[in-house]
Each structure stands twice: as structure tokens, then as C-alpha cells.
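In what follows, subunit A forms one complex with subunit B and a second complex with subunit C.
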Partner chain A sequence: MRYSIFSLVRQAFAGHRGWDEAWRTPEPKKQYDVVIVGGGGHGLATAYYLAKNHGVSNVAVLEKGYIGGGNTGRNTTIVRSNYMLDDNAHFYEWSLKLWHQLSTDLNYNTMFSPRGVLNLAHTEGQRDQYFRRGNRMLLNGIDAEWMTREDIARFIPHLDCSDNPRFPILGGLMQRRGGTARHDAVAWGYARAASALGVDIIQNCEVQGFAREGNRVVAVETSRGRIGAGKVGIAVAGNSGRVAGMVGLKLPIETHVLQAFVSEPLKPMLDTVVTYGAGHFYMSQSDKGELVMGGDLDFYPSYAQKGNIPILEEAVAAGLQMFPILSRVRMMRHWGGVMDMTLDGSPIIAKTPIDNFYLNGGWCYGGFKATPASGWVFAHTIAHDAPHELNRAHTLERFETGHVIDDKGAGPVAQWH
Partner chain B sequence: MTLASRYDILVIGAGPAGLAAAAESVAMGLRVALVDEQGAPGGQIYRAITTTPVQQRDVLGADYWYGEKLVAAFERSGAGYSPRTTVWAVTREADEFQIGLSCDGGAQLIRARQVILATGAQERPFPIPGWTLPGVMTAGAAQILLKSAGLVPGGTTVLAGSGPLLYLIAAQFTAAGARVECLLDTTPAGRWRDVLRHAPDFVASPYAAKGWSMLRAAQRMMRIVKGVEQISAIGAGKLDGVRFTTGGHTQDIPADLLLLHQGVVPGINLSNAIGCAHHWDAAQACFTPTVDDWGATSIPGITIAGDAAGIAGARSAEARGTLAALHAASALGHLRTAQRDAQAVAPRRELERWNRGRKFVDALYLPAPEFRIPTGDTIVCRCEEVTARQVTETVALGCTGPNQMKSFLRCGMGPCQGRLCGLTITELIAKERGVSPAETGYYRLRFPVKPITLGELAALPQTDSSVDAVVRIKR
Partner chain C sequence: MLRIGCPWCGEREEIEFSYGGQAHLAYPQDPHALTDEQWAQYLFMRDNPKGLLRERWVHSHGCRRWFNVERHTVTHEITAIYKPGEPPPARRA
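Our next item is the complex of A and B:
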């Protein structure tokens, strides 16, 4: 059933009893052309684009829990494409373009809100670096705008733009087309659209191993039995190392926890996404009114989906530097997601040394915004057994050959990115 | 008082279990602190025992004043004590625990090698139509006002629910001069037939005589309606009356205040957030931390004493507090196993005495499913205003458990952190899916277990290890 104002009105008169299920719940078949492991945004998007763009609809998405229950449901929902290096810039810009039409394309309201993403600069060196990044964005056809301190003070009245903070704000790099989206709706929207095209979404189905013949994977061993596969793609960021390990691959990825937290709901006070430049902190306000906040990574590798107190303290202290007005707001909830950290801070969407086994991972903490393009290029890579031009550089081999995509210039240590 | 930065044992909660645990630990020569949310020791059952304005002893009864002895022993012990203090986090740091506290608007972190949770019970959610109206509160909340401030309800008061505490509160109110119009007893008619086999044990217990006299007294003092099958609070904007059904006959009575109570369940938010294993207790229809007979949890160093580890009442909690202290001391190497076991003989005997008759009480007063599992437009999650119908419809969509339900309906994501809806949501989902509550599971809780201001968090003191934790490039 198509969602529209007409179907809504019709259902309203019928007591909302006639809505179809959003996606089917089939029993797994014996064999699929493609099996995608991971029912988060990336896996579901990949299945959707396999069916839509490449006509491959004999596809299963296997999810160990429920769809969108991993990092898709644990992020801070920020969408942006303010990258400097060409390989990332083009990839994320394509993602942002997809975001802008996603609700229409999926016929599902993902609540994408292009409310802008503002990176604050607090030193002259940082300002110069933002100029450089902004100019490169403009050269790549991505919107970027420098805001002065006065512009920012008008734009975000509650932000402390005075000379009083330890690191006064000098200005900021703004990307107006960036913003936020409803994370769960992204998983649900892709699931519904993929299911309508014939993709089987199989929840509560944990992958326990892979059966190989020579250099090929022939089946996936799951908690619901053996499922034959022509090709296998994994999109299990946070657990990429574990799942790839089942097929004997060792990845240049470390898993770390990234924490996020929300306050009690407030009246509307912040209609953009703002990041602190003199520490690691970012914040937006949800439609519900809660302030959604995040900070830096926990620096030790861990699979625990909960974080530590010092990072929380550091992040909140930075937040109060920006918004002293919030000191008496109560923090309500706190959670952690596990991040695939690569050695250059950029993702891997690539073929692997195993012939029909494809890897989508290493998203560090930028995976949510990449969802549409990630699915788009991963579907292409699987369907054609060759990368799309947008992920040609995001290979696994780059860490051997040295062709890294180090956007932050942070060096070859996972936790620095 | 100001707390030191390190203790051997930190006890959380100053009810009977916590007071006994702290006093016992100090007596063994350990460095101990007790932190508690309230302004004065006593917990819920002995709440405000040192400060209550209700000085006429027969109002709150001899069982209440028994607590004086316990508080006096605690105060004599010299244990560190920090009232008005909320614990919002307990995390492991090497071989110790780091505990996040919030006291009088300031947060701090302290460390302890052993933590004893004596966080007590909370009232079981009682989701009936209209339970969110002004004028409806829990009987326990009304009792808090009586104990701590000597307040009794004016106007027409109706009590509803089941369990011994309901009758105790009725008796206390009457003794304090308040008038209770009516008590609607929701204990299912005929339940006594199911519990007869536990009766001999109960008759031999210390509770029998007391329970009997309480029931008799209540019957003399107020109208009691037995076998109530349905209750709703009615009114526009505030409570006007109570509608109830008994024997197939429905009637309305006017009321200014409706006090609801259907027993208590362990408060598990902290133990859940710490990561202790829990299980579904079918007899009490609630999740309970899995502990051994010392109160030790699945996490070494975390021990639970008192009702937080399963409802058994104040005197049992006191004995379990002592046992938890003995266990913690022995885990610290301060007490040899043989010494521990020898010292445990007396509290174990007490425990056995006060646990007698529990099965009878549990079985008799287990609320009927219709009072635990609401239907229709009855609100389940008060914070996010989620109704029972929304939950059942979402289960029909394929949602299998409480954590997935959060992403659909946001239930359990408000300021109460699921305290007032967790059990209802679990049982509702379990019933709709036709599976057990144990399989359905409970919310995964994270710190802060109680909301804490950003200002407090930001002002946490810096230590070497906290600086290390946030500095990217190591020395």
C-alpha cells in the first residue's frame, strides 16, 4: 500500500484498521542470490538498491536481533557531507543528495530535516583550516559557508559568543544542507521498500559461521539453519572484525565505544546541529525537545554497548562552555554504540580476498549519514563484482599500499580518528 | 557529611537492610559509608523515624518504632553517612568500583572495593483507567506524607488494591484521625482456595496474628468491598470518583483522593544498569536480581540485601543486610570463611523466622492479571503517554521485546527510566506474544539511573585516571 494523504484519510475513516504490514516476515529460503548480513540501515539500503538499481531481488537480509536495533538506533542522527578529501567528499555528497529525496523515494517519512551543521572555530589556526576545508567543499560542488561570530550569535542566540569562555568562538563553517533524520525510520523505510521489491528480511537470525568451498562462500550458517548464498555482503559495523573473522579475514579495524546522551525535553531552543571546536562535543535538539549530545570515543577497544564516566564528563564540560544556560538541565539517558574504527578514519566498502564475500564496514562514527550512498555503492559492488566510482578508493588494500583517505590528517591510529 | 574518596564497603540505601549492613561492616573494622536519598535514615518502612512529627506512638504502630533500635545501632557504629545523596552510576575501575553520587546539587565520584545495594522496593505499577488523573496517587506516597510530615488526606478518600501494606496504611490513617471512606479490595475472590496449602506455614509465622488483627480493625473502621474485579478513576481534569465492579455489578462512588496499591516489587534499576543477572520471579510476578544466599550477584563485589533482592519485608531485610556485610567482609579477606559462617548462624535463624509465611502472602496477594496487564486506552507509560492498545498493536507489527518497543513507542524513555511501566510493558508484550515474561525480558538500563544535571556532570573533579581516559596521545 502506498502511503499518501489519501490513504491516510481513507484509513482515518476506517479506524486505521486497514494498514498493511510494513514489511513481510518470511521464513528463510534454502538459497539466495545474495545474502546481506546485518539488518541496520546499511544492510537494508544495500538490499533495497540491489533490487531497485540492479534487478537482484532474490536477496535476504539477516539480522541477529531486530532491524535497526544496533548502531542505526544508537547514533545522534546527524547527516552532513562536509569532507575535504575528494574520495570522501564525492561519496558523502552523493549520500546527502540521496537523503534529500529519500522520503519520496522510499515513500516513507524519514523525517530528514536540513537544519544545517555548524562547526565552530576557536583559534586562528582552526579558522584557517576550516577555510581550507570550506573552499575544497565549494570546489567539489558542496555547499559551505563561513559564519562570523556575529552571524552565529544571531543564528543561535543561546550560544555563548562572548569573550568570556576559555576558548571564545571566532566563527564557524556551516553546511546548510546538512541536518538530522529519524534514525529508526531510516531502517523501517528501507525495510519496507526492500520487502516490497521481494527482499526477505529475516530477524532474530544470528550468523554463526560461513561454509566455504575453495575461495568462495557457499552458505551462511545461522541460528535458523543453513542458508545458501551466491554472494555474501556484510554490513555489521561494530562487529565487522568478528563476522569477518568467521570467514578467516583479519581486518584493519578496532572496535571502540562511542557514547551519546540526551537531556530531558525542553522547549525548542536549537534549530541546527552545532559542534564544539575546542574539544569534542556536538549537540542538536530532537523533535521531542530532548537535547541530543555526543562527545569523543572511548579510547580502549571494547564491544560493550555502554560508555565510561570520564568521557561523559569531558563532553558535558565542553557543552556547558558553549551553552552555560544548560547547566541545570538534567541528563536523562545515556547509551553507547560500538564503532568500527579504521586506521585512516574512512570506511571500507570493498571486495575482499574471498571471491564472493564483500565488506561494508569501518564507518568510524560517520556511518549514519552514509546510509543511502553506502547501500547504493555496496549494491553496485556486489552486483557487478567491481566497485562503483564513488567507492573505488575505499578499498581494503589501501592500508597495505598506503593510499589512505585520512580526512582529518590524524595519522595511522584507529582511536585518533 | 563529606565522604572520603575511598571505602572498603559502600552501602546504598538506609532502610533496614542498609542500616544493618553498614553497622555490621563497621563492627568488623572495615571502612564503610552509607549513602541514601532521604534526609534521614530509615528507608521506606522506617521512613523519617528520627524526624517524624507523628509522635503519638500508636499511629504508626510498634512495628514502625522498632526501627529506632536499628537506626540507633547504626548511628552508634560510626559508619560514614551521606543523606540526600543519589547514586547515579556504579562502574568497575580495576579492582574497585567507582560510584557516581549527587548530593545537594553537586556530583562526586568515590571508590569502594565492595558495594552493597540495599535499594529496597518500589510499589508495583497499578495501571487502571484514569490512574494519571490529579487526585490519584499510590498509597505508599500517601504514607510517605504521613510519616515524614504528619499529613493525612482531607476530603473523601478511597483506598484500592490488595496486600498487607494497604491495610496497614488504612489502619495508620484511621489512627491519625483521617477518614477512609472505603477500601476496595482487589484480591481475587476464591484466591484463598489456591493458597490453603501455604496456610500452615503462615499460621506459624509472626505475621498471622498481626494480619488478622489488622483486618479486623479495618473492617470495624471502614466500608470494605471484597472481590473487586475492575476499577477506574473517573473525572474530567481531576478525580471526581471511583467506578468499580464487583460480582458483575458496577457502581460509582464520589472521591477526592484515590490511593492505589497492589504490593511492592524489587527496585532493580541500579542492579540492572550495573549489569547484574536478573530472573523472572513467577510467584511475585516481577524481575528479581539473581543472588545466592548471601545476596551475592553475578558480578563479584556487588551484593544485594533486603527487598531489592526479592520482597520479604523489613525484618528479613535486616537479617539479609547482616549476611551481605559478612559476605562482603569475607570477600575482602577480612573474615575467614569459617568465621563468616559462624557469625551467619544468628541472622540466618532470624531470616528463616521472618521468611516463614511469605509464600502464603505472595500467593494470596499476587494481583490478578487484569490489574497488572491493562487494555485499551489505559496509559501504560506515564512519561511518554503510551497506551496499552498502542503496545498490543505494536506487538502485532512484530515487535518482540521492551527494548525494541522503545524505538517504536518511546515507552520507558522518560524521566522515570521505566520504573513505572517496565513490568507492565514486559507482561503486556509477553501476553500478546504468548511467551513468558522471562523470554520477553526487560529494559536494558544505562547510567544515569536517576537524571542528573549537566552542571553536576561537567563539574566532576578531574583525577589522573579521568584525564588519562580523555587524552588521545599518551605520555
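Our next item is the complex of A and C:
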């Protein structure tokens, strides 16, 4: 059923009893042309674009829990394309373009809200570095704008733009086309649209191993039995290493936990996304009024989907430097998600040494914004057994050839990216 | 909050320490002799287990000395602490 104002009105008069299931819940078939492991945004988007762009619809998405229950449903939903290096810039910019039309394309309200993403600068060195990145963005055809301290004080009245903080704000790099989206809706919207094109979404189905014949995977061993597969793509976020390990691949990845937390709901006070530059902290306000906040990861590898208090404290301290007005606001919830941090800070969307086994992972802090483009190019890579123009550089081999994509220039340490 | 027993100072809170990555990754004896693949293995590939991991920590806001920790990556339980140069203890079942 198409969602529209008319279907809404019709259902309103029918007591909302006539809505059908957003996606089908089929029993797994014996064999699929493509099996996608991981029902987060990336796996679901991949399945959708396989069916829509490449006509491959005999596809299953296998999810060990419920769809969107991983990082897709745990993240702070910041969407942006303010990267410096070309390989990332063009990829994330394509993603941002897809975000701007996603709700219409999926016929599902993903609540994408281009409210702008503002990175604050607190030192002259940082300001120069932001100029450099902003100019690189402009040269790549991506919007970037420098805001002075006065501009920012007018734009975000509650932000402390005075000389009082330990690290006063000098200005900031703004990307107006960036913003936020509703994370669950992204998983559900892709699931519904993929299901309508014939993709089977199979929840509570954990992949536990792969059956091989020579250098090919022929079937997936799951908690719901063996499922034959022509090709296999994995998009399992923090579990990339484990699942790739089932076919003997070792990855340049460490699994780390990243936390997020929300305040009690407040009246509207912040209509953009703002990030602190003298530490690591970012904040936006949800439609329900909660302040959605995040900071650093916990700095040591972890598969626990919960965070530790020191990082929380540090993030909150940074937040209070920016917004002293929040000193008596209460926290409502905090949680964590396990992310695969690559050793150069950029994702891997690529073929692997195994013929029909494809890898989508290494999303670090920032894979939510990548969801549409990630699905787009991963579907292309699987369908054509060759990368798309936009993920040509995001290979596994780059770590051997020296073509790493280190946007921050941080070096080969997972937690520095 | 982890409580980590520095071999020299005793048990302190996690905020006094910094994480130093997977332990027992020795710098290659002769880096020039390595192939690109071997170099990538050394520089970028990590064990990343869901379970016990041997890793390096440094007591940065204390004695500033390095040591090794064996820690569970799900429960965060610390199962062993030993000094640099000491052999890792046998794995508990």
C-alpha cells in the first residue's frame, strides 16, 4: 500500500485497522542469488538497490536480531559530507544527495532534516585547518561556509560565544545541506521498499558459518538452517571481523564501543547540529525535544553494547563549556553501539580474496550518513563483481599498496580516527 | 569504570591510564626484508577477538610505565596483568 495523505485519511476513518504489514515475514528459501548478512541500514539499502537498480531481487537479508537493532538504531543521526580527501568527499556527497530525495524515493518519511552541521573552531590552527577543508569541499562542488563568531552567536543564541570559556569560539565551518534523520525510519523505509520489490527480510537469523567449495562460498549456515547463496555480502558493523573470520579473512579493523545519550525533553532551543572543536562532543535536538549527544569512543576495544562513565563525563564537560544553560538538565538514557574502526578511519566496501564474498564495513563513527550511498555502491559491486566509481578506492588492498584514505592524517591506530 | 592494577603502583582507576593497542606485535627485525603484504600485516591487521585480548596499557598519569593486560572484550574483566618482557600467562579456560 502506498503511503499518502489519502491513505492516511482513509485509515483515519477506518480506525487505522486496514494498514498492512510494512514488510513481509517469509520463511527462508533454500537458495538465493544474493544473501546479505546484517539487517542494519547498510544491508537493507544494499538489498533495495540490488532489486531497484540492478534487477536482482532473489535476495535475502539475514539479521540475527531485529532490523535496525544495531548501530542504525543507536546512532546520533548526523548526516554530512564535509570530508577533505576526494575519495571520501565524492562518496559522502553522493550519499547526501540521496538523503535529500530519500523519503520520496522510498515512499517513507525518514524525517531527513537539513538543519546544517556546524564544526566550531577554537584555535587559529584549527581555523586554518577548517579553511583548508572548507576550500577542498568547495573545489569538490560541496557546500561549505565559514561563520564568524558573531554569525554563530546570532545563529545559536544559547551557545557561549563570549571570551569566558577556556577555549573561546573563533568561528566555525558550516555545511547547511547536512542535518539529521530518523534512524529507525531509515531501516524500516528501506526494509519496506526492498520487501515490496521481492527481497526476503529474515530476522532472528544469525549467521554462524559459511560452506565453501574451493574459493567460493556456496551456502550460509544460520541459526535457522542452511541457506544456499550465489553471492554473499556482509554488512555487520562491529561484527565485521567475526563474520569475515568465518571465511578466514583477517581485517584491518578493531571493534570499539561508542556511546550516545539524551536529555529529558526541552522546549526547542537548538535547530542545528553543533560540534565542539576543543574536545569531542556533538549535539542536536530531536523532534521530541530531547538533546541528542555524543563524544569519543571508549578508547579500548569492546564488544559490550554499553559505555563507560569517564567518557560520558568528559563529553558532558565539553557540552557544558558550550552550553552553560544545560548545567541542570537531567540525562534520560545512555547506551552504546559496537563499531568497526578501520586503521585508516575510512570504510571498506569491496571485493575480497574469496570470489563471491563481498565486504561492507569499517564505518567507524560515521556510517549512518553513508547508508544510502553505501547500499548504492555495494549493490553495484555485488551485481557487477566490480566496484562502482565511488568505491573504487575503498578496497582491502589499499592497506598493502599504501593507498590508505586517512582523512584526519591520524596514522594506523584505530581509536585515533 | 575499569580498575587496573599497575604492576608498579597498584590498583588505580581507568582515567589514569592510556590504551596502547594489541600486545606482542614486535617491530619487524628487518622491515626492508618484508613484502608489502607482510608489512600490512604488521601495521594494520589486528586480532580483534570477541573474548580475551592481550593489550598494552601505559600508566600515563602515574609512573608512566608500560605493561600488558589480558582483558575480556565483552565483560571487560581483567584476567591477567604482567610486565613487559614477561611471558603471557597461560589462558584460563
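By our rule, the second predicted complex is superposed on the first by the 417 of 417 C-alpha atoms of A that agree within 3 Å, B and C clash if a C-alpha of one lies under 4 Å from a C-alpha of the other, contacts with A are read in each partner's own complex, and residues count from 1 in each chain.
Here, contacts are C-beta pairs under 8 Å (C-beta built on N, C-alpha and C of every residue); 3 or more make two chains touch, one makes a residue touch a chain.
Bear in mind that the values here come from a model prediction, so they are computed numbers and not experimental data.
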item: Partner chain in contact with A:184 - subunit B first, subunit C second, else both or neither; value: first
item: Contacts of A:343 with subunit B and subunit C, given as first, second, both or neither; value: second
item: Subunit B versus subunit C as contact partner of A:242, first or second or both or neither; value: second
item: Touching partner for A:319 - first (subunit B), second (subunit C), both, neither; value: first
item: Subunit B versus subunit C as contact partner of A:10, first or second or both or neither; value: neither
item: Larger contact residue set on subunit A - subunit B or subunit C; value: B
item: Contacts of A:252 with subunit B and subunit C, given as first, second, both or neither; value: second
item: Subunit B versus subunit C as contact partner of A:132, first or second or both or neither; value: neither
item: Overlap of the subunit B and subunit C footprints on subunit A, listed as residue numbers; value: 299, 308-310, 415
item: Subunit C to subunit A touching residues, read off their complex; value: 1-2, 13-15, 18-19, 21, 36-37, 39-41, 43-46, 48, 50, 53, 55, 71, 73-76
item: Subunit B residues touching subunit A - in the complex, by the definition given at the top; value: 89, 91, 98, 100, 109, 397-400, 403-404, 407-408, 410, 413-415, 417, 446-448, 451-455, 457-460, 465-467, 469-470, 472-473
item: Partner subunit B, residues of subunit A touching it in the complex; value: 21-22, 25, 65-66, 68-69, 73, 184, 203-204, 263-264, 288, 296, 298-299, 306, 308-314, 316-317, 319-320, 326-336, 415-416
item: Subunit C-facing residues of subunit A, complex; value: 241-242, 250-255, 299-304, 308-310, 343-344, 399-402, 412-415
